[in-house]
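Structures are listed in the sections that come next.
Heads up, the next two complexes both have chain A, just with different partners, chain B and then chain C.
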Partner chain A sequence: MSEQTKTAAKAGNFNAKKFFSDNAIWAVLIGMVIAMNFLIYARKGAWVFLTPNNIRTLFESESVRGVLTFGVMIAILSKGIDLSTGSLAGMVAVMVASFVQPVDLSTRVLTSGFSLPSFVAIIVGLLIGAAVGAIMGAIIAYTKIHPFIATLGGQLICRAVAKMYSNRPVSNLPDSFRAIARVPYATADGKTSSFPTIIIVFVVMFAISAFLLTQTRFGKNIYAIGGNDQAARVAGINVELNLVLVYVWCSTCAALGGILLAARTGSADASTYGLQYELDAIAAATVGGTSQTGGICRPSGALAGILIMGVINNGLVLMGVDDNMTNVIKGLIIVGAVVLDMRKNAGKK
Partner chain B sequence: MSEYILEMKNITKEFPGVKALKGVNLSVRPGTVHTLMGENGAGKSTLMKCLIGIQRPTSGEIYYDGKKVEFGSPAQALEAGISMIHQELSPVPERPVCENLWLGRLPMKNKFMVDHKKMVSDAQELFDRLGLDLDPTEKMGNLTVAKMQMVEIAKAVSWNSKIVIMDEPTSAITESEVEHLFKIIEDLKKKNVAIIYISHKMDEIFRISDDITVYRDGEYVTTDRAANLDVDKVITLMVGRKMGNIFPKVDCPIGGAILKVENLSSGKAFHNVSFELHRGEILGFAGLVGAGRTEVVETIFGMRNKTSGKIYKNGVELDIKNPADAIRNGIGLLTEDRRGNGIVGLQSVGVNTIIANIKKYGFVLNKKKMREDAQEYSQTLNVKTPSLDALIMNLSGGNQQKVLIGRWLLTNPDILIMDEPTRGIDVGAKSEIHTLITRLAGEGKAIIMISSELPEVMGMSDRICVMHEGEMTGIIDRKDFDSDLIMKYATGKIEEGATA
Partner chain C sequence: MKTKKLLALVCAGMMALSLAACGGGSAPAPAPSNDGAAPADSGAAAPAAAQNITLVLSQRDEWLSTLVDGATAAAAEMGVTLTTVDCQSDASKGIQFVETAKNAGEQVVIVNLVDPAQAQQIIESAGDMKIVFVNRTPDDMARLNDNVVYVGSNEMDSGRYQGEALAKYFKDKGQTEIKYILLNGILGQTSTTNRTLSVLQTLEANGITATEATAPLVANYERPKAMDMIKPLLGTTEYDCIISNNDAMALGAIEALESANMDPSEKPIVGIDCTADGAAAVAAGKMYMTVFQNADGQGRGALQAAMNLVNGAPLNEGTEFEVDAENPHILWVPFEPVDASNVADYQ
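Right after this comes the complex of A and B.
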């Protein structure tokens, strides 16, 4: 017995092999960055990939999908899925944008004269997201229908509601609102530049979701529910309530994504905003090692997944690869990543 | 030709970091039942996996029917005449019994069309031949676990193999079906089929075995005729030391009533069940599989809705709607289905230990305290694990069970319900768990223990409630324990009226 207790006592020790196996995805990311760097140099004859400006562009353009990913990864962890995030982001983008449009604008979407302060509009937008999530979550948890179906319904309805809400783009958004994505300032030489607050929001959302999953009771509950919901129930966990919270979280992330998208571009369009973002988010989470069978998810892996997708998107644009070819490459990488990941997990058993 | 149908010589199997088999042997004579014995983790299952090609041995030789063989997959082994009944069932619940039976070898009308008629008639013929009362067109999912197990047995027999491996075939079936299985085994023996039998149930083993081979910690201990061995000898060989009394029952003072159940019913599962549970008491629940015992405790624990009746704790009526309510009221339930609703396989031993108590660590978890608690309980319960961070699914059944017991002790329940606490667990761990149950009762906890093993329930309990088809047919005091009486109640053959 003393032998086992001794080994059990060593438990806190660093396990290098496990560390490298868990974080192999970061090695893949680094490898891709290096490869992309040289490929782009070969094509362009200049080192344009790893420049501060391009790195900033990459992060800015991945932030919205990244925030969606932090939501959907928790839904996938709980053995569910959320197909509504893209549409919901579009719907919230349009609604929040309409709240903050200047009152004197002739092309204003809302004809009644009120306009909300930006801060309040953002809160309202997040609450709309949370409410949609609560409805979908309650349907999933209490009627036991498959999340795929519940959120597919949500996807269709959100997109349609967005289009009914405004059939034309909502533009001319004030700087006070856009500050959540970018803060313009004048540089020393008289030009205007902007500070990318969107990246700060992205990083903060990563920190919050990592904290939720690894440090809180909610997180442990979701790991248990995704791993074995019956066992979780027997251990006294309120499975239904936790599932509702999962979709509230996921939809709130989607709403924030929509708000960031509107703020970054300064307008919102019901028919295109957030279109197919849900699939990009699912892809990033999956490439990042979140298992579709539930119970497995590492926030840092999802972050790496987001960046890998970003490197591909950004790099292939710089190389001048056309859209279709980009999608072929992305498709191969997603499927390949999952095959590799499954082989790794199979080896553990 | 040699005397043996199968010889496995000097088999070793290494996994990264572990030597699961260290040069073990097995020689099986045709037309005999050869039982493999050993604690969980002794290497029996690994050896069988090496035999039928699920795993490849690192070294060693296998001779089958006089020829050296090496199977690359279970399909090849089946082709050659070795079939296996796995411990874990893998039914396709939505499809009929006959499709499950012929899965992978469906009778065909022509190249493209399945012959449905032949599928049913062949299945019926097989069931008739084996004397099984099964409907080939019934949906697999509607069958009880016991019946599914019988389908599995029929499936293995239907291959007309020369060797049939049975891994714990009786763990989920009723007494009468066990008798049936033994008859099937006798018939197979007459046809010169060899049976490799894995089980932990001593009485069965000595009834049917011709030869017994014992393994311990991946090493070959000995092979002998069953007639030359007895229970004590085998246990000593298995654990490498003498075991104490099998059931360490200690009489401890029994306090006042803590739980009172009155006329409890839940749909069709059981009706009008009433009993009292006292502090320091171990109340056994005996009965055949399907008698409704599990359903009763699930209802008390809030996993199942009651349709009528009342539950009181310390004289106060409880309104338990879900397990969380039950835990709040100081009730714990160690469930029967360890994999299904016990362990969270993908999580660590540590997390699995504290999960039922997670509300105590705050919303932002106090990880240090969690770790200390997990450490304390895995030490007290002597859980054999490389570390608290190891995934629980990699532990043996006995150690998983100890983790789950620790999980409940950590919630500090007054009432601990244990549903088949030692099913599928090796002798060493079993006796540790028995000792633990006795100790808990000694500390004044009230314990309900469901067990389908009569010696266990009789050895451990202060009183035994017996159930038959959803009715409580009797409550027996320890002084009146008698296996015939219990079986009479359990089979519903009561003449003199229930003592309840």
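Right after this comes the complex of A and C.
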């Protein structure tokens, strides 16, 4: 294998080969889109999958889980994991929603009347997320307990805190807050339409996480730590500090996901919001080629992973496939992706 | 020597087990072993123990929290200390909590089942302790007896009210063939099964031919999931109404319609629960109707029934509810249909 690679490198087409190997996931995505397009046409008798409206719907639906994925992919890259993201998203959603609920609402959750302007509430929500991440990150980095355990604890605690905070949905959220997910406007014919800001947020978060990983010292440090933390330490990297930052980033992404979820649905419910989103995010990152053994992650791969999950979620509803079958297909794709990935990476490590 | 002793012990243990099995719980069979006397103590606890009652909750959501509030208020009025414990949807925790209550010497326990099939296990775990099942029905009502009762609403009624409202809506339009989108709750739960079953039965009984516009959608009673499932169907699937197993999912459907610039009042959307948000949507004309399930009434009814069991009083004494005509161990707290005409009473 390595012999072949060397020969290929000498021949000058190494980059092309590497490019195709690295981006094989996009080929899978394109293949799935084409297949889904025809399958849905066969079922519905109309081309309803690749319409501007449906593509928009797909992106809107996956944005929240997508933002969580951009966080957890960096945790996985550092040879860790974050199981708390779904619960944390739910907790932050409920808290931020309670800050921005209209003051004159009879069913208001915060009866004290405490309220914050939407923009401030969102910042506070992100800070809550960052603080939770800092605590979990510090526990992971300095006590050396496995991230699985530390974030499992975080998952339980965040969900419980959310439920203690409010036992009923926090709803009737104002448009000023919901603007982070959608901005309504009046169309020429007098109807109201909305601009999906949530997709902009999603794309910006992708750009930021790609920049972090590929263009900053932090990103390079995380690749090094995930690859071999002892070697990274010898090379003079502050492993502990970087690990704390990993979980701060991951939790901030989760908090943003929660805020987007509340803004998109106009409500936040402590018992159901973000439920099992952490697993969806881990699945998307994994399908996108983020290796559970650490040190390997491509942001563009994770993006493809998110879209693959989105194509399944959206396409199978359009096709009228039973919910249980949807989960069977998802399960097969996740396991299949990891098998392929391990075969692909076997030669590299 | 040692092996003989061990053998004797095993034999004694097996005898005790087989005796207990034969007894089947009908009578407290006197166990032959020495430590068989221990459990008898709890049964003979002082009557004052009725002052402590445990409410075992399947999970905490908005609706069940209202039920707890009702039970807590009733407990305060009766001078009873009510402890609420949460199974977090884990059936085995329910059994643990019931056993703990028994060990604490309590005379009666109120159980909101995680899983209907768990009922028999709970009855066995409770031993001599009396049981009030609340809200979620046991798998078989024949399990109820003088010591085991059920307080709740008939889930077949909730779907029936939805079905009747929809049948009237479409008959007024002169339409007898409809296509529906159905948002299911968590599959396998009695509420999901019966709500779905009864609304479809009622439509059929009222002469409406209803066919499903999609595959069955399972949104687990969650608002965001319902929203994500409905959104791609809008404009791509023809339907006449959206039937939802609860209000949260119906609200998700409304949200999906509004974000697609469609008017949710154009085609009827029906929910169940009459939550604060659900009632507001009915009042605003966005939801066609919902069905009020009396959480407060079920909570109060369960506590009253528990005290009636301990005191040997008739099941419905002190409540405004009626005992089932055939099974004297069921106390029905009725569902109530809510639409634009009466929603003000529920807000």
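Rule of thumb we're sticking to: the second predicted complex is superposed on the first by the 332 of 349 C-alpha atoms of A that agree within 3 Å, B and C clash if a C-alpha of one lies under 4 Å from a C-alpha of the other, contacts with A are read in each partner's own complex, and residues count from 1 in each chain.
One rule holds for everything that comes next: contacts are C-beta pairs under 8 Å (C-beta built on N, C-alpha and C of every residue); 3 or more make two chains touch, one makes a residue touch a chain.
A quick note: this is a predicted structure, and the numbers were derived from the prediction, not measured.
Student: In the superposed arrangement, which partner chain does A:Ser193 touch: chain B (first), chain C (second), both, or neither?
Tutor: second
Student: Is A:Thr107 in contact with chain B, with chain C, with both, or with neither (first, second, both, neither)?
Tutor: Second partner only, chain C.
Student: In the superposed arrangement, does A:Ala235 touch chain B (first), chain C (second), both or neither?
Tutor: It touches chain B, and chain C stays clear.
Student: Considering only touches as defined above, state whether A:Arg182 meets chain B (first), chain C (second), both or neither.
Tutor: second
Student: First (chain B), second (chain C), both or neither: which does A:Ala224 touch?
Tutor: Only chain B is touched by A:Ala224; chain C is not.
Student: For the complex, give me every residue of chain A touching chain C.
Tutor: Residue positions touching the partner: 44, 46, 48, 53-54, 57-58, 60-61, 64, 107, 163, 167-169, 171-172, 182, 187, 191-194, 261, 264-267, 269, 271-273, 275, 313-314, 317-318, 320-323.
Student: Which of the residues in chain A end up touching chain B in this complex?
Tutor: 1, 4-5, 7-13, 15, 215-218, 220-221, 223-224, 227-228, 230-238, 295-296, 348-349
Student: So in the complex, the part of chain B that touches chain A is made up of which residues?
Tutor: Interface residues on the chain B side: 301, 303, 322-324, 326-328, 333, 335, 337, 340-347, 350-351, 355-356, 358-359, 361-365, 367, 371, 375, 378-379, 382-389, 391, 393, 407, 411.
Student: Any idea which chain C residues touch chain A in the complex?
Tutor: Against chain A, the touching part of chain C is residues 59-62, 65, 187, 214-218, 220-224, 227-229, 231-233, 235-237, 248, 251-252, 255, 259-261, 275-277, 280.
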